[in-house]
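Have a look at the structure below, then the notes.
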């Protein structure tokens, strides 16, 4: 179904930019888990606007209200978890001229072509980036559940415009590399809410400058987000169409503005030799288990986890809403009509999409753990 | 389910590299369509080995046998279409030392971690590239059905190693560009079976040289495949998790060796400004309809088709089976064990994956057309 | 997923007896339909308690609040419709002794066996009959949409204890019988809220007496509900596992307390001859279309509608909550423990289940219409 | 999808009465199970025609050919299990006059209304009772897997025409009753292939007479099948729409000719008091576990197993194909046209449907065990 994903764990998202509320229903959560709602609020805050010059000052409370799904002790109870976020502080007047004139880069025109004017237009309706808030609510809880299983997830801004951050240390898979990766992830967690989420603080400064450049030009700019999950045991996932790559890719393309995804070395594999790209195995002398010596595969072979870190990157397009005048058309009169999109918009979506990518990754990975675990020996 | 994908059109793939047969069941095909099985055989031949120096000489008949799903007139009848391909000419002896020692880059180890030795090992079992043959059988029929609806699909080798082909003409969306794209697609169709599938014949020569280099080094090399679909009307697809990007991505990652996918400008969007990446609209004076002037979006906005060509690229990793010795482990004794993979293997999988990408694209797009069409006004 | 059903139209129900709210998310509704919320409130009122001696006096407001899914004009907009009903006026104290001692006939023990004490116990949690309220909210809108397509649905109490109502006139399928059926349905609609929903008012009186007998005995009693849908064209549905019988049966067993379902002549067919049970065809001289002369099949052959009325009956067990002492066990101490269930309970659930059956039938039938329509010729 | 059912275990059935082959693909089987194909052949033989006077003498080999899904040791390997049965010995000439004139009681007309003549007509196409053979093939293996888990399934003819067999001893749930039930099941297994499957041999004789009566009258007769599953632990299943009742009902209505299903006391509950229908609990002094003292619920409460035997009955209509002349219409000329169905047809389908009910029950129950097990404590 359009607004749902997942197998044993299933997330159904509802809401529009200006509806009474937005939210989600999560089916299939294991029972007996008590979400820490303070931690969830901290996580949600990473997605909230108003954090810095790169975001719109629009203030969204984004308080998560539990409609159902918990028992009297505050633990999951086997029933669907329903989460609601009230929509407040909306200024629909900003969107008036958008009704008839589709904004380039948005879904306005394609939604009109599908629903012939019945779609909810203001603020993008169901296509709004606002719908990533319920994804963060559900995913923030999935992150906590995964952590209880020893799985850690972190993402950072790999690039904005032509500014690159240091990548996650995931290509090598020896103890030293894993320790450096753990330090990178710890650093990111400790820096939450203190500026752009990068591994290298200098990269954050240069990214801010690039975003400020775009904003000054009444323009916007895109970015790449890299995400890693550590602690996944080998044997999770499935061949062919329910592999971890399939599940994560399908879910990540549900985040507005994502236009590409790659796992491990990704598109770079096209230029590699087999002898460079294959990850040879060794027996870990300490644990007696099999370990890939390198991790070009991004932790997945044949759709199934290898025990090495899961790593992927996704491309986020520049904010389509820009104040510059663009060519468009008036759909009611079928004639050309220029458009400048006013209102409050982030000059770069990518920073606020970083926790969304973590959240969606967590939901897809938790679903893989629940739906396609290694068989009992 | 692991070996199935699709909504209203659902493909279930079965078989292992060395099982009696491989095949698929296709549910949800519209009735009354008479597949042209000669054309299907021609299409299947593009995936077959033995076409040139870049493929293994192993000869697979790959004759598609219809078990059920057609009426007496040879047309689809509303019942599931079941297609079978016999497995012949297998040399399981080649794989003997593989049983205990997982091949780097293959799913041998991850499958062992999942099924504890119950998995079918020889030739990769259900993970074998051989499973792309039934995908071509089902997809070859989907291609014919789409053609009858005015939708054309073509793919080419965008790159092998560091050799680039001319890209499809899809960024601009004016009449001249569309004509050039049509010519590119026609050229590819006419060159089928006459060497590597590129738009620029010179690129094919250089790619062959790069593949030959790898082969001489007992090594392999990867590539990128670009695929385009033209003729899709606006309004097909769905928001959030059943958008065309979601459906295509989930399906394409079902092709063995794919490690990344991007739509339209893809990862390049990260470096673009909004004013560069947004596709402005105009009214086509001839048809009176809305047309995106450019097509950075790759034909999709908010998961829904815009009427511009659908375009995506996917990265195919180098063949994991290489004759060079690699580090591995003996799973029965849990000790390090070097491995050289003998047998017949393509030094580059990407060329034979080109029709597979077309086939899977066709299945995902036909499913989108049937499952998420524009509403009746 | 446990709390969802449907294909193109998908309903996900959330909530527990004592959670903050209960509700549902409906994906896949055609756009542009403006629900009449006054009519919906009238429909919901038929399920509400406090209507007569056969129901608990507990007053539930059951006001349906739309969280999202409508456009500014009040019409469906292609986005999921999220409906919420606040939970008020709960007396959890009534359920205190139930926590450790499972109520016979309820899901208390089986939920405990599944979730080991994490389940939400008070009032039955997610198993509560209260969850039929969101089904009525979604189904009430589906009823309106079906009506706009010419499909009418009605249900009545076929029996309570040993009291039988007149059955729907559905076995014959001539014009006179259809007129009588229409009159029966009209009569039921006009009598809504004026006592037990029966075709024969005398049956209602005798049923009330039977219910009162049970109540006086601190006991409860069951019933059978018959439901009919007219106006469905031939050709809706699907062979094998997505036939109308399969879809309706799966959905109807989602109503708490239902223990059986039969279509057309149902279990009676076991005693019939083929010559008695087959429905012969004739050409309707007025319309020139094919019409089954009788309707023993209940409007379905091979899972597909025949154009004759869809008719089914389902059995509703007696209210499990009774004040009489019953044998049970204390799960915390694993010893026998007698139990008398206090609190407010209907002595017969069947009357209030009548609109629920209509609602669930409407959802399943609308899903069949949207998911498995006749093909375009 | 129309021809598939199941969640983690998914069965996709293909084939038509006269296609080259019929069969099924089973996804999600646990790995490492070695089916006993001799036992499977014995099971399939119970469904085969030619067993006695109550079946058509048409001889179908029904040899199950494994196309894929097993490893070299003959065990399931995690890949889909594909099973094929060749279609032989078909006499399509028998069905010639059926092409234009729909047989009453069959799906001929409704399929025509859906597919406008594209459907495969001869022998009923995809609607043929022949499609129950692959269900038996898949289900026969599921039965073996369940047996290895301690779950036993058996079914018998509860009634034919007005002749009743002794019911399974399932209403009481004490040790003596369970022993009697086990004896009934053992007796049925031992009598396989020796006449009609009844608990009481005298009932079989009277049923045979009733069937012979119908046959002599060029007519047919229906029946009821009762099925029981013992050994299921408590806690399997799910609330609302994926309960055991929902899953079994959806699957059982996939068997051609089934028109009703009821669990436990079924429709009888309508006439019971709560004090009669509730199953009180006791602590079993030997095992220290909770046991329902009676089993009116048929082993399911709130969709979840209680540990008591699962029991249901389904109604099978009389064979629609009868030699008597019946009213029908010529669809090509849209005029009335009488029809007598010649060819070889069972005068009663119910006996051969008994193993099919066992098979489908096994598939649905195994799916419930795999998809909705009790949570790990």
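Each chain gets a letter, A, B, C and D, in the order it is written, and its residues are counted from 1.
Following the convention adopted for this analysis, a contact is a pair of C-beta atoms (placed from the backbone, for glycine too) under 8 Å apart; a residue touches a chain by one contact, two chains touch by 3 or more.
Model, not experiment: these values are computed from the prediction.
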item	value
Chain of greatest Cα-centre distance to subunit B	C
Pair joined by the larger number of C-beta contacts - A-C, B-C	A-C
Centroid distance [mean C-alpha coordinates] between subunit D and subunit C, Å	26
Inter-centroid spacing, subunit C versus subunit A (mean Cα positions, whole Å)	40
Inter-centroid spacing, subunit C versus subunit B (mean Cα positions, whole Å)	46
Shared-contact residues (touching 2 or more other chains) in subunit B	1-4, 13, 31-32, 78-79, 111, 114-116, 118, 126, 239, 375
Touching residues (chain side subunit D, partner subunit B) in the complex	1-4, 10, 12-16, 19-23, 25, 27-28, 31-32, 65-72, 75-82, 84, 111, 114-116, 118-122, 125-126
Residues of subunit D that touch subunit A when the two form their complex	8, 30-32, 78-79, 239, 371, 375
Parts of subunit C lying in touch with subunit D, wherever the complex brings them together	1-5, 13, 102, 104-107, 109-111, 113-116, 118, 126-127, 131, 159-162, 214, 217, 219-224, 233-243, 245-247, 249-251, 253-254, 256, 258-283, 288, 290, 292-293, 297-298, 300-307, 313, 315-322, 324, 326-329, 331, 334-336, 350, 372, 374-375, 377
